[in-house]
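Mind having a look at this structure? Questions to follow.
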Amino acid sequence: MIKLLKGNYALVEGAIKAGIDAYFGYPITPQNEITEYMSIRMREEGKLFFQTESELASINMTFGAAVIGKMAMTSSSSPGISLMQEGISYLIGCELPCVIVNVQRGGPGLGNISGSQGDYFQAVKGGGHGDCKMICLLPASVQEMYEMAIKAFYLAFKYRNPVFILTDGIIGQMLEKVDLLSLEDVLKNQFKNLSVDDYKKMFDASSWALTGCEGRDSRFIRSLYMNEGELTKKNTLLLEKYKKMEQELDWEEELISDAEVVLVAYGISSRINKDACILARKSGLKVGCFRLKTAFPFPSNRLKEIARTRKILVVEMSMGQMLEDVKLAVDGVNTVDFYGISGGDLPEVNVILEKIKNMLSR
Amino acid sequence: MSSNRINFKEDFCKSCGLCIKHCPFGVLEFSTSFNAFGNHYVKQVDGKDCKGCGRCYIVCPDCAIEVLHD
Amino acid sequence: MRKHIVISGYGGQGIMLAGGILCQAASIERKNSTFFPSYGAEVRGGAAKCQVIISDEYIGSPILKDIDIFVCFTSMALKKYSSYVKENGIVLFNSDMVSNDETNVLSKNIKKIFVSANTLADSIGNVLFANVVILGAFIKNINILQKTSVISAIKEAFASKKKQVLDFNLLAFEKGYNL
Amino acid sequence: MFVLPKSLKPVKNHYCPGCGHGIVHRLFAEIVDELGIREKMIAIAPVGCAVFGYFYWDFDTLEAAHGRPPAVATAIKRLMPEKVVVTYQGDGDLIAIGGNECLHAANRGENITIFFLNNTCYGMTGGQMAPTTIPGQKTTTTAQGRTSLDGNPIKVCELISSIDYVTYVARTSLHSPENILETKRAMKKAIQNQIDNKGFSLVEILSMCPTSWKMEPYDAMKYIENVVSKEFKLGVYKDRK
Amino acid sequence: MIKLLKGNYALVEGAIKAGIDAYFGYPITPQNEITEYMSIRMREEGKLFFQTESELASINMTFGAAVIGKMAMTSSSSPGISLMQEGISYLIGCELPCVIVNVQRGGPGLGNISGSQGDYFQAVKGGGHGDCKMICLLPASVQEMYEMAIKAFYLAFKYRNPVFILTDGIIGQMLEKVDLLSLEDVLKNQFKNLSVDDYKKMFDASSWALTGCEGRDSRFIRSLYMNEGELTKKNTLLLEKYKKMEQELDWEEELISDAEVVLVAYGISSRINKDACILARKSGLKVGCFRLKTAFPFPSNRLKEIARTRKILVVEMSMGQMLEDVKLAVDGVNTVDFYGISGGDLPEVNVILEKIKNMLSR
Amino acid sequence: MFVLPKSLKPVKNHYCPGCGHGIVHRLFAEIVDELGIREKMIAIAPVGCAVFGYFYWDFDTLEAAHGRPPAVATAIKRLMPEKVVVTYQGDGDLIAIGGNECLHAANRGENITIFFLNNTCYGMTGGQMAPTTIPGQKTTTTAQGRTSLDGNPIKVCELISSIDYVTYVARTSLHSPENILETKRAMKKAIQNQIDNKGFSLVEILSMCPTSWKMEPYDAMKYIENVVSKEFKLGVYKDRK
Amino acid sequence: MSSNRINFKEDFCKSCGLCIKHCPFGVLEFSTSFNAFGNHYVKQVDGKDCKGCGRCYIVCPDCAIEVLHD
Amino acid sequence: MRKHIVISGYGGQGIMLAGGILCQAASIERKNSTFFPSYGAEVRGGAAKCQVIISDEYIGSPILKDIDIFVCFTSMALKKYSSYVKENGIVLFNSDMVSNDETNVLSKNIKKIFVSANTLADSIGNVLFANVVILGAFIKNINILQKTSVISAIKEAFASKKKQVLDFNLLAFEKGYNL
């Protein structure tokens, strides 16, 4: 079913298609459409919509839902996500699945309510204490807001870990065509080979969730490991899990083969890159586009490979955050150029073209 | 003529109408023309006398009215 | 074909609604269309702006520059965006809010259309219809969308409201269209 | 003479037509003028429609994180007891996200003043349900009207006045000129208490949000009179001598 | 005056020597000694000690004190610091000075109460939303807990930005000799050339603080910039400020010149490195030590230089966080080896020696 | 017969000699046995000395972030109304850092049960002042005794019972066998209320912390009798029919 | 002999003494020897009769005492 | 000279105090000394451990292995750390808590010293003095610190307490010393 929807609405439709049990949210622009639309759709579906008293309540209620094995989601925007950092660390420490959405706005502080990409570090490196990692999905269209919501729940339960959807106010609020595909079709797009049955089976939490100890021994879920060496052992297992998550790597590339310069970005910036790429090609410049669909795991190998013979320009709505991961990936095999704009304004195609020309003439 | 002068800051007026509703003496009405922000600002009804009670000032959320006792 | 439309004014003037209707109308005509709002939902009364791109091709992201059609509700909007309007672009003014003189900042090759939208809206009963009045004038004067599809889009937009509200808006649209 | 107070900058505000914030802003400035404390003022603007308070008040003002003004005010007042420290907060700010900071400042009996504007919704973010939303009230997150499953209205005055260490708690309203003047008297008293080192004062002000309520401004006043002030009873809840 | 003190106590003495006006804290192990000792010392000094109701209150009260130009500090440990991320972002957005101390413990979640280095990313990359940067000081001894507290206040006011002291439960709780030097002597150690007078002058906040508008126009302090382009402009200024902070770079190196392997670490790990280094040298291995005293700014140039002709082993009590900054610095000119232990246990000297031998035989 | 309840694992606990936590743990388990709800239980341990509750209770138990058990409980109960959801919290957890979650759960009238152990200090972190510390009480952060500058004792029962939507609030004590049995009755009622879908119940239990109080266990009991229960009056504060 | 049997779990006892203080019949006392944790655990005074009132059980924070009515 | 001392037992047995006193005594003798606690301040009754390093050289960080002197208060501590004690190291036992048999896990070259610390402490009035009793035995048997400096350190540690408390502790020390 093709519809014209805002990104935030499409995300809601995706979560519902996935089978979400509970949503917890506190209003904040530019993600209010999620909370508002959830308040309507979840009630229609007979699921739990809950407007919380704060983001602390949001993340800890999400924790509560996750503990009992429910499919839970919370969403917010930058300042609200900062408030969730302790809770996120607990979710990771307790190995609980859930989906967390950050519709990024301008920062630091109250900042503004435009789209921005200033929270990459927080999402990808760990804004919470301890060694925290979450699979981080990066939608770049209203369609992907829908599909990645569906994907996120599966991965959360697969790894018993929160999955983070990092998007921004522009993707969240823009109105664009979306095909509200069947679960089957989404799975085809988003997974190599996953049946609807296998998708649904993943949400069986009976082996670990707390649901009352009827017919089994009592269980507990915790993140405190006080005995000597106990936490180190636990964290070694977490590290192994993080390693396994790397198989969920996803990206998209266009016009790379003959490119001399490759534009790298995620989310809304990647669309600007594409605009620039089209223009550049029209004027005969050999430019390609690389778009990340996951930030953790990060496509390090592929980027290094590309960089061996091509120059890289990272375009980001921040002072240079994902940039560092790109540089780490490229590992010195080539220089990495950067065009960043921090504060809720968009990168400009003209500036990108200018930069490309400079790079090519160097 | 009344000894009370009303000072309208036309551009501040947002046409909320609260002053008009609360003036006990029907002194105020909307203008038909627009201010710079596209609002029908408030003005004094021709020939109506302001008693200087200040209710319009008190309810105006935009400080668009001052009442001066000359 | 690719048209970049910017609509700008204050919050509360129905800027977003107008943009959304255009986007929806384009979609009804099976064109690619994307609507990018940029509003002060967290701050009332401030500037509000949206961009609509209607295209046969891939639509990337909003770029403020290179505006094909600029719908200008206030003089502040004019000051902000006039320099981004393309040569041979079109600007629709709410002439109750922007004086003729002010529009001189625009270069000669830009077509200007004046609509006393507030006055017309007033005559229906509320200045708030000014946005739909301007939409009417837009569709009449600029040949990118069918009147019928815009009317359908308006009907969809007010589907959940009282019938009377829709009727007033349709009336406002006709007022602008038949200017 | 009814003229713009000195402590109010002569600029147009950004509030919606008929919004109560504009009235309370003016009252605040009038009181500051009358008490001659403009140069001692440190005001704290909330995150909410009133976030831009500093564009209007002509005294030192800062913007605190959402819900934290009472904590910020505590620090300032403790470090500079000779200043007059006032927080201006909406219902989302004060009692949703910021409930704990308010509760603790009150229980400590901090010598600060809180102006709490209750408009039964989150104005700034587009009119969602607030803790103070009236049962049955439609908002953008309670399309069918608030039910008790969505939570019940929090009665800030009733709650805070139950604390021994609190000095003054009153609930007033903006729904008529008389009520506005009553509001001003309560606000003034709440600041005077601070000047007199009497401790924690809070004034809850029922205010119109015509935009979120989808009402004409005058109807919004009537709604306060007929509905909001029935749920949230006006009066002085505490006045410790 | 030489004394045997716990690191946490020494930090308190340093803050008091600096002239701190206000301390705000909520109990949490392993930093309780700071809060407890502050409760005694601040009262003795007639300054404000305040036990808050939560870490949210701590950071926002610190914000309040900073707004009026006071020298304020707050401290906590990992989960509590996570809760402060929104507030930290506000302090940075509002350009306010203060000192924030994280006595790191094991994570994620409740973790445990041993020393750990799992919060490096949070402190250095920005756990808060938006592009947040803070100078981050890294004490490695009780002596440095004292001296860096003194340094931190100065830098906070110099840049009108929070300064972060990143330490851990071991440094915080160990008892060791400390020389409670005069301000003059500390300034000699910690700054190239700074007089006591110039030190003290830095804390004059009359040009920006909110103190009532007597004798001047009214002021305001905010982090919300809603007008188009306004926040981007603001953030450009912040970026320039961050660039200026780079001059505060500080590190320490030992036995580098002839070294074939250089051990890189900060805080308590750097002391283990030193133990290992001594042992290695005894057995004839050419090993040197590089210890970071600031994490932001990061000694990228020097590390790259060192790496050109030496192998690098990063030792860290995490899964590999500072490691990434070292790799970014080294920029591919050499491989970087890693020994990490996450969960509150200490790296072992034997393992370090083993790694060194492997590296040398490669 | 006075024997170890089934719902308590037969292991030695980690509490200090004479600590009230051990008593309340046993009472909790006895009640669960008596009501036959072991298999329906979902208990929430706090961050505080009782964090290891799950090592002792033989029913499903989780560890929530410091102060957040009422939020966690809300989600669980709403999603699984047929379970019995109980939070067990200390004073730091419940009313210092967690005041807002408690307040909002109470005001929503969530159908959950809170056991609130008030030992007038932060036991786990070494005996610092808590919001419930008695005026004059010496702690590791109030070496000279708590003064009102350090804040005043928060009266949770008085505060929470002032909320209309709350069902049952009682304060009991552990300072004698009789009081312990009274505590058990109140706790049982608070759980029975949940089973009967009656809404929010909270039992505040005055408990000994001999370690932080630097007292012998029996003296700690006497201290509750003579001092703590004078500041925090025992009784049923609310029992809505 | 009494018909009530007290079941002491010696290793659970932390010598807090609450049971001793609360036994109305002076039935309990500390042993002089230590348990595995170095505590003087509680035992029954030789020849003293337990009345089975359960007060010791009720106050014991460590479940170190059970009282069985045979 | 570099001595690595580990003291371990349960929380509440005064493990940290004993370690702190040793560290302080070394400091009084102008030796380098560092004390590393690792305790369950957030969890009562759990295991507690501290390490003291006394050295003429630079003191880096605590390494659990290569213990020179191990003061063992409980059998759990013995199980945990016995394997880390160096050849020719020394272990002091609280023999009221650890049975002779259990100590057989230690290799032959390790010197064992048994102190019935609880019993001796009991005789002063409280088992809680066991830690200082053991300190006495430590100083008597192991030749790294002067008795006088340890007594000074004890006096400093109890300076803020009632005189009586200090006196009991000094008595406990002598009991251990004169064993």
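Odds and ends about this structure:
Just so it is clear, A, B, C, D, E, F, G and H label the chains in written order, and each chain counts residues from 1 on its own.
Basically, a residue touches a chain if its C-beta (ideal position, glycine included) is under 8 Å from a C-beta of that chain, and two chains touch if they have at least 3 such contacts.
In this text the structure is predicted, and so the values were computed from the model without any measurement.
Note on connectivity: the fewest chain-to-chain touch steps from chain C to chain G number 3. Of the two chain pairs considered here, G-H and D-E, the higher C-beta contact count falls to D-E. A straight line joining the Cα centres of chain C and chain E is 53 Å long.
Centre-to-centre separation of chain C and chain H, using mean CA positions: 82 Å.
With centres set at the average Cα position, the gap from chain F to chain G is 27 Å.
In chain C, the positions touching at least two other chains are 38, 40-43, 46. Touching of two or more other chains is recorded for residues 13, 15-16, 19, 51-52, 63, 65, 97, 99-100, 104, 124-126, 131, 151 of chain F.
The set of chain B residues touching two or more other chains comprises 37, 39.
Note for the complex: chain F touches chain E at residues 47, 51, 63, 65-67, 92, 96-97, 99, 122, 124-126, 128-129, 131, 140-144, 150-151. For chain H in complex with chain G, the touching residues are 10, 13, 73-75, 94, 96-97, 118, 122, 127, 130.
Within the complex formed with chain A, the chain C residues making contact are 20, 23-24, 27, 32-42, 58-65. Partner chain C is touched in their complex by these residues of chain B: 34, 36-40.
Chain contact summary for the complex, chain A toward chain E: residues 78-83, 85-86, 89-90, 92-94, 104, 106-114, 116, 118-119, 121-122, 125-132, 222-226, 228-236, 238-239, 242, 318-319, 321, 324, 327-328, 330-333, 341-345.
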